[in-house]
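Input: structures, listed below.
Common to both upcoming complexes is subunit A, partnered first by subunit B, then by subunit C.
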Partner chain A sequence: MTLRRKYEEKFFRGLSFLFTALIVFVLFQIIWTIAKKGIPSLSWQIISQEPKGGFYFGKEGGILNAIAGSFYLAVCSTILAFVISLPVALFMNIYLIRYQRLLIGIRFFLDVLWGVPSIVYGAFGFTLLMYFGYRNSLGAGIITVASMITPIMIRAMDEVLKTIPIGLQEASYALGSTKTETAYKIFFREALPGFATAILLAFGRGIGDAASVLFTAGYTDYIPHSFSEPTATLPLAIFFQLSSPIEEVQNRAYAASVILTLIVLVLSISARLLKLKK
Partner chain B sequence: MLSTVETRKETNVNFEVIHGGNPVVEIDKLNVYSKGQHILKDISTIIPKNKITVLLGPSGCGKTTLLKCLNRLTDLYADIKVTGSILIDGEDVFDARKDITAIRQKMGLLLQRPYPLPMSIYDNIAYGLKLKGIRNKKIISEKVEKHLKEVALWQEVKDRLKTSAQRLSIGQQQRLCLARGLAVEPEIILADEPSSALDPISSRVIEEEFIKLKSDYTIILVTHILRQAKRLADHVIFMYYGEIVESGSAAQIFEDPKSEILKEYLRVGH
Partner chain C sequence: MKATGFNLKKPPMILTRKLTDSISSKWMITCITFCLLLPLAIGAGLVFKSIPLLSTHKLSELIFSEDWYPSDNQFGFWPFIVTSVWVTVLALLISMPLCLLSSIYLTQYAPAWFLKFMRPVMDILAGIPSVVYGVWGLLVVVPFVGDKLAPLFNADSLGYSILAGALVLSVMTIPYILNMLLEVFRQIPVELGEASLSLGATKWETIKHIFLRKGSPGILSAFGLGFSKALGETIAVLMVIGNVVQIPQSVFDSGYTLPGLIANNYGEMMSIPSYDSALMFGALLLFAIIIVINIIFRYIIYKSELV
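Right, the complex of A and B next:
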């Protein structure tokens, strides 16, 4: 090996190592910052109570309204998105398998939708809301978040279905299955472990997004009891409390961040475990 | 080109004499095009009942495509255009009015690699039965046992029928796929190099199965392994670049090849 190639090798290996270390460092820094500021403010009160009078000036109460609201919103919109995504992803990979050029087009559009900023979905949802004459509500938030995460879920499912070998499809047809039977009895089962990741990806985006719910779900100090009531969400709870000049309130924003991070982390790990068990 | 056509006519006449007619599959002027390429060129031939017909030829000559035309799996592929006709028991496979699932159930398929369905060993076989409308659990259980015995798999799996089929060894999976195909009671078994991914012992088991099965089924086997063809074939169709170069009884093809290409293939293949 010439000296030049030797140094080249060393240089690029060093560079890769450096940037990898940097990324890991930043990740830990984020978690550390949130934990350091958030954990001291984390208490049973904060996760078990709704805001009381004077809460936003640092007095009694908690963010149960946002925890419950985010949970309702993310779970319902994930279910809604799943119900829409599953037939679309299966349709693409079973019925449209012959039309590869059309599929390229569809995938392109879905990828564009994936990349559309969430505030645009928020604005879209808001327009829809105004048009139908509704006000900010859990239902409107669910629809907006669902339309934001559906393209993500479809594409993630699509990537899983794409990896299923054509031989399995041939085997299924050869036994006399119709396309629908092949889709829901064979492909669905084969792809189920991969779908868990797709669902989680969409859920994570849904629960963590602030902009899409800002105009559509609104904000309230109460836990919603129906789809027509407005709801608080964790990202907005963080946003509002962090904008406060009072330090105690700011620290609660970090506590809310810890909760949000924990929810996503726990779900992520349990989905991995589920996949491993399979 | 001209000589090929003549050879074919000639062998078909011989074929009628030898097998006494009674074809299950009649292919007439079959042409397949894909992305501007002419993959199968004017294929006309007949496949005799209860015999092992081997589609022989080098890789890329169109054997697999021909096989997949028979149960119209060509539907799955983009940009494939098929013209001509294939009659199975007198029914045209390409007739859009015909129920393709029923036609496909006349043919069991065995691919190069086994693709067990993502369910238990038991359900892999029960699946096809349920599609045929059999709901009686007792009948299903009996059939599962019968067909697993038929492929010599019963002893190995009888205690774990409810476990995932994907945990079996690849040789067991291939035998399961054969059993699964037999359970829907096909007339024809389509096999696309079924032992190419298997160890010698498993592939021997599959070959022995074929010899046992041919009294009840018509078997169409794609292979490029000359020795396997010689062990199994009753009837041989030799293909080269999308055309049938020669076809006839095994003895005729292996002992008295007419065309230079086949002679060359038989010489090099040893």
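Right, the complex of A and C next:
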């Protein structure tokens, strides 16, 4: 019996290590595949030019329209989400701190909201667009993506604010400050490093998501100049170019995947570094 | 008052401060109301759009019918629902043992630096956009399934299959499930394990009989939430599954998932009557299923944290 126990222990220890190693291996395999396929077709032309005539038949041009569009979209929707999330997260941790049951309810609700897939946000955004009679546009994409990342951002900020001791709040009141001053001058400053992580997380979500912008932001060969124009995005550029039968166009999709992966890598690593610093 | 010698700055007007406070708290309440109303608005909007379809078709017919001929005004969602469930269940079957054993390894056996190393690995896996997973799936998983696995089982397949979708999806759910499992194991008190070890149990027996039992609500919820996450995944699965409207007979068959259906048909939906209503009904279906799953498993987590 003892022998069996010993071998069972060894077996599962080995197996669990093997599975962990497999996960790490898969990640490196993904990055390696994307890099191997995409880096040869990566060139300055692809990054710095908009699509030109015959672009979709493999002629000249680049995906600057998608890169710029993605950045506009992700930056604006992150800002918009931040403007909404910050008051909500502060409200939960300052005004509602005495109402624990309500607070638990709201957190529960936001967690559930987190699970809603982006395609549903996309479909809903599209319904709204149709209802108001607008066309696909950068603005519509921004609003859709912002509503998708807001619950994520609120919960991430809330987790940071939760760790601030209540004594700090009481001390601030004792000195005569109002709740708003406590919120924006004390809590905001205290939680700022943590907020940076939350923002990076939400930004990464916003720049990588395809399903929500598919019908709301549209697609175009030009860099948008106003919120009412449609815009291209990197995920959709990859998706559309990959479905082309022409090899040059497909190669550009691989190059675009490298760019997108690189952006996400930089984002997650800097978020992790920020966390370590704290 | 000059005698005190203190150089007091003049405090800002109390009225302005009070006004700022009242405006700011109103804005906070506006924002939180907006956030709380958003899902209701989504639900209401989707219901509103699906009413035209629901008024001409029976609900049970929509869900259980196999006939999907939009141009003949026949909308049976059954093939999409079946495919979605197949892909998701298969993906979870692959990722569940991986995540469970790996979370056990990371919390029980591994040195601390290894867990530290795994955190960024999980971050990156979670951060890689869905479309990049799709590209990886096309480059690696589809040929692997088509050229290696299918001949092994004497199946005829191009590789664009349920299995390919499930493999890609399983990788995508790993960081999500693993993260929650790590949290579950972290919350189990160390004394429980020590008590078991001191009674002569091996490490693995302790894990098997104590940790798995103690953590079972959390583990179950992690899998449940992983399921709902996988069910809503769109682009990556769309790219590797083949998109054929049929009820798959084996894992090597192509299929068409519900989110994929919504994503793929926006261009042409205007030309066919009640097509847009049908797609919105699809979105509503997805939304309702995922919300219900989320509420159930979040509730289990909430209850288990109370004890």
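By definition in this document, the second predicted complex is superposed on the first by the 251 of 278 C-alpha atoms of A that agree within 3 Å, B and C clash if a C-alpha of one lies under 4 Å from a C-alpha of the other, contacts with A are read in each partner's own complex, and residues count from 1 in each chain.
Keep in mind that, in the parts below, contacts are C-beta pairs under 8 Å (C-beta built on N, C-alpha and C of every residue); 3 or more make two chains touch, one makes a residue touch a chain.
Note that the structure is a prediction, hence the values are computed from the model and not measured.
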Using the superposition on chain A described above, determine whether A:Leu175 touches subunit B (first), subunit C (second), both, or neither. first
On the A-aligned overlay, A:Ile39 touches which partner chain: subunit B = first, subunit C = second, or both, or neither? neither
Based on the superposed arrangement, let me know which partner A:Ile246 touches: subunit B (first), subunit C (second), both, or neither? neither
Using the superposition on chain A described above, determine whether A:Val266 touches subunit B (first), subunit C (second), both, or neither. neither
After lining up the shared chain so the two structures overlap, which partner does A:Leu128 touch, if you call subunit B first and subunit C second: first, second, both or neither? second
Between subunit B and subunit C, which makes contact with more of the residues in subunit A? C
Subunit B and subunit C footprints on subunit A, overlapping residues: 178, 181
Contacts from subunit B onto subunit A in the complex sit at residues 68, 71, 73, 75-79, 101-102, 104-105, 107-109, 111-113, 115, 117-119, 127-128, 131-132, 177, 180-181, 184, 190
Would you mind writing out the residues of subunit C in touch with subunit A in their complex? 17-18, 20-21, 24-25, 27-29, 31-32, 34-36, 38-39, 41-42, 45-46, 48-49, 97-98, 101-102, 104-106, 109-110, 114, 118-121, 123-136, 138-140, 171, 174, 178, 202-205, 207, 225, 228-229, 231-235, 239, 259, 262-263, 266, 276, 279-280, 283, 286-287, 290-291, 293-295, 298-299, 302
Tell me, which parts of subunit A touch subunit B in their complex? 97-101, 165-178, 181, 185-186, 189-190
Touching subunit C in the complex, subunit A uses residues 5-6, 8-9, 12-13, 15-17, 19-20, 22-24, 26-27, 29-30, 33-34, 37, 84, 87-88, 90-92, 95, 104, 106, 108-113, 115-124, 126-128, 130-131, 147, 150-151, 154, 178-181, 183-184, 204, 207-211, 214-215, 235-236, 238-239, 242, 253-254, 257, 260-261, 264-265, 267-269, 271-272
